[in-house]
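Structure provided below as structure tokens; questions to follow.
Each chain gets a letter, A, B and C, in the order it is written, and its residues are counted from 1.
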Amino acid sequence: MPRRGWVLPSYYWALLALLYLPILVLLLFAFNDSPILVFPLRGFTLQWFRELFATEALMRSLRNSIVVAAGSSMVATALATAGAIAFVRFEFRGKGLFMTVALLPLYVPFVVLGVALLLWLSTIGVPRSLLTIAAAHTVVGFPYALLILIARLVGFDRHLEEAAMNLGANYWQTLRRVVLPLIAPAIFAGWLTAFTVSFDEFAIANMVVGREPTLPVYLYSQLRMTARLPRVIAMAALIMAITLTIFFALVWLRRRVFSGGRAMRAIRPGPAGLG
Amino acid sequence: MPRQSRGRLWALIAAPSLWLVLFLVLPLLLLAAYSFRAGVGGALFRDWTPTLEQYRILFATPAFLRLLVMSAGIALVVAVLATLLAYPVAYYLVFRIRERAGVYIVLLMIPFWISYLLRVMAWKVILGEGGAVNSLLLSLGLIHEPISALFYSRLAVIVTLVYVWTPFVALPIIATLYRIDRALLEAASSLGATPRQRFWRVTLPLSLPGVIAGAVMVFIPTVGEYVTPSLVGGSSGAMYGNIIFDFFGRSANWPLGAALAVVMLLLTLALVGATSRISRVERFIG
Amino acid sequence: MIASFRRLAPLSLLVLLAVLAVACAKEKRPAATPLSPDATGTLTVLDWAGYEDTSMFVTFHRAYPKVTVSVAFGESDADIFGKMKAGTDACVFHPYSGWQHFYVRDGLVAELDTTRLSHWSEIPARFKALGQVDGKQYFIPWDWGYTSILYRTDKIPGGVDSWTALFDPKYKGHISMWDDGPGAVAIATYVKNWDETKLSDAQLAEIERMWTSQRPLNRFYWTGEPELVQGMASGEIWLAYAWQGAYNTLLGQHVPVAYAQPKEGRNSWVGLYGISSKCQTPDLAYGFLDEKLTAAQGVSLISSFAYGHVNPAAYQGVTDSNIVRALSLNDPTVLERTKFTPLVTEADRDHFGQLWARVKAAQ
């Protein structure tokens, strides 16, 4: 029975305000006419946005991050799909061990993972580069993608596979033409999660970075240089604006195209109605 | 298992297993092995005679052990605070907003789309000597000098970490609350329980395993945190992760750093093992 | 399957022999030939961030325009040493004073034939000596600078004349020390007038106690000069352990700062260039080192970073008054009162690092 209380709603909105406040305050400085981030504010300017696009190192690090995130998330999702199918459909003795190792990145502090990888790369003589960051991020994104896919496959009707094979398809064709298309939304969700994790990841990237930085690594190096900060904040403002736009576009698209949100529910196979 | 199935299984499991071994298992094993090395530094893995020297140094240095305990303490405070702050939000969204909760959740998550580093630095803008809080208090005449303890301090580390984690930990709590069988709540009502009793006697206890799992998900990464302390912690806000990072960077004492890392790893794994009886963390993803 | 394996075996043996032959052939050191202006090839240099710019080897580039200089980066002396030990393909590398003997001890650096350096005679003997280990010349000195206390003259009108100021409770919350164990130990030895290379356990314990009690006075430990510059410019930091580059930067920003002349003496450090013992292009390497010593290159270094150069003729080309102040170029006696960083054993360096970790970890 719905209660018309005011406590909980006020709490939610107050917390939300508190969450956004530091960000909004920070974003003020994207338009502030001063290179240092101190109050009082000095005046409105768009120069930081102009400088942002002119800063080659910043744009290059952004591009690096996108490439690394896209690459590592693709590999992570591909591996996770194969691993999830194996885990759900087959029985084998190492199942528990596989799961434990696969989920290890969730339980190991990133600083430990970072130094372990640093040590490893140094021992086998592989120089640090964007590739090493991507390899590290694949490991980090893998458990997320794996769990999403396992959850999806558990609810997947086995009979569909059997039917396809009865009709003459071999196992791999069945996978490719029946299973994969039907779990595609979950694959996409896994990929998106792994992408997000990689894009903003700093702790490990900082330790296995080579000559080319990713965006967080570049940001960190700039955080100590006051004159460069406003354009970095300008970029944060832009990223936020772009993401919000994409999100609202997706929401609008979903309402228009997918009636009842059935297809989107496949993305989050957990509690229906929250998605 | 029929031969055909075995072939398929191998084809599927080979790639992920190989990747995990190559980029996760072997590096961690190497880290552990390195911690038994006596040599001071360098990257070469030669002339290795196992020794407990690094562990001896570690356990003979009270400062390191106390810092580990302190870091765990900070992580605990952050986890508890974040969970307490997030619980009412989760409750509100699951039991009041229900079907429309999607948008509310997204609103909660949007700050995540700003770089974690910038969200941390945002606190410098708020708590720093030239920041919003101090400027406000100064202009109101409540203080005559900026309060420097707000920033570059352990307090700043805790505040920032709670801020970063609260929206994140709301998700597993939402998932847990959602899974509570409504029939149980209805049964409680029909047996005469008031809404308050219903919450304290049914909802909360049932949600506790999931809530603990969520708190563990905050606790573990926070114990090893080094980024936030390096940005906002100042001289006294260093955490255990910073010491590990230093030994692998500037000080170049990799064996000792490895030993410190192994000790922390064992601690976190033990904790996960202990709490996994109460709750399973991996339930919440997917 | 076994049949094809048998066919493969002799073939792989041949390939193996060929590879071994080539590998052994490469070991032979190429004979020394003078470098012509048309010289081509690639020279790999292991250097610090910021030194990859052509202004850092401008005369070399002008003299041998067809040679490509490829720069790999090290983040710290420990990192550079680690990379050299791990076997990087860098031919030339750039460590700083206090690390020379490690490279000699591990056979990573080749002894220099100074007759191949045409500008060697222009360098003062005092600097030449800094590149020697056990009397043999292994490195050329190149860049140098001071370490002293940088302070805001408007916040500390009385001035600073001693390293003890970094430990003064009067400045609580406004001090910034460099995040480095060996650096911290060095300063403590200046205050106590002890020998950095011969510290007893009791002395080390006292140094640790000094820095542990200093920590509550310290706002943050800076890891890079930009962080320090920002802290001083905003007024949050009143005094700090600093190199003269930060002094020069702040003067350029019109911040009221001064660079102290502590009574215990300033510290000075020297950057060195050496040729790797595994270098495959020694001609290019010698040309590179030679050109680094020229006065023209010195002017470029000084104007870019406000670092000193070892060739005194370079100072004539410096007109920027801030840089002259930063490097005390007008004070010929300053070097007499300066303590150069000594050679410290690896074990000691490690102990200093652990000491600093304990200082940071102390509760």
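The rule is simple: a contact is a pair of C-beta atoms (placed from the backbone, for glycine too) under 8 Å apart; a residue touches a chain by one contact, two chains touch by 3 or more.
Since we're looking at a predicted model, the values are computed, not measured.
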- Touch-based graph of the chains, sorted into line, ring, star, complete or other: complete
- Note on the structure: When A-C and B-C are ranked by contacting C-beta pairs, first place goes to B-C
- Note on the structure: Separation of the C-alpha centres, subunit A versus subunit B, in whole Å, is 17
- Indicate the whole-number Å distance between the mean C-alpha point of subunit A and the mean C-alpha point of subunit C. 40
- Round to the nearest whole Å and give the separation of the Cα centres of subunit B and subunit C. 38
- Contacts with 2+ other chains: residues of subunit A: 36, 38, 122
- Task: Send over the residues of subunit C in touch with two or more other chains.
- Result: 82, 86, 234
- Query: By residue number and range, which residues of subunit B touch two or more other chains?
  - Reply: 43, 128, 130
- Note on the structure: Per the touch rule above, subunit A residues touching subunit C in the complex are 36, 38, 122, 125, 211, 224-226
- Flag every residue of subunit C that touches subunit B in the complex, lowest number first. 75-76, 78-79, 81-83, 85-86, 173, 177, 179-181, 215-216, 218-221, 234, 236, 346-347, 350, 353-354, 356-358, 360-363
- Note on the structure: Residue set of subunit C touching subunit A in the complex reads 72-73, 82, 86-87, 223-224, 226-227, 229-230, 233-234
- Message: Quick check on the complex: what are the subunit B residues that touch subunit C?
- Response: 40-44, 57, 61, 63-64, 66-67, 70, 128-130, 148, 152, 234-236, 238, 240, 242-243, 246-247, 249-253, 256
- Quick one: which bits of subunit B touch subunit A in the complex? Just the residue numbers, please. 1, 4-5, 8-9, 12-13, 15-17, 19-20, 23-28, 30-31, 34, 43, 45, 85, 88-89, 91-93, 96, 98-99, 101-108, 110-119, 121-126, 128, 130-132, 135, 163, 166-167, 174-175, 178-179, 195, 217, 220-221, 223-227, 231, 241, 244-245, 248, 254, 257-258, 261, 264-265, 268-269, 272, 281-282, 285-286
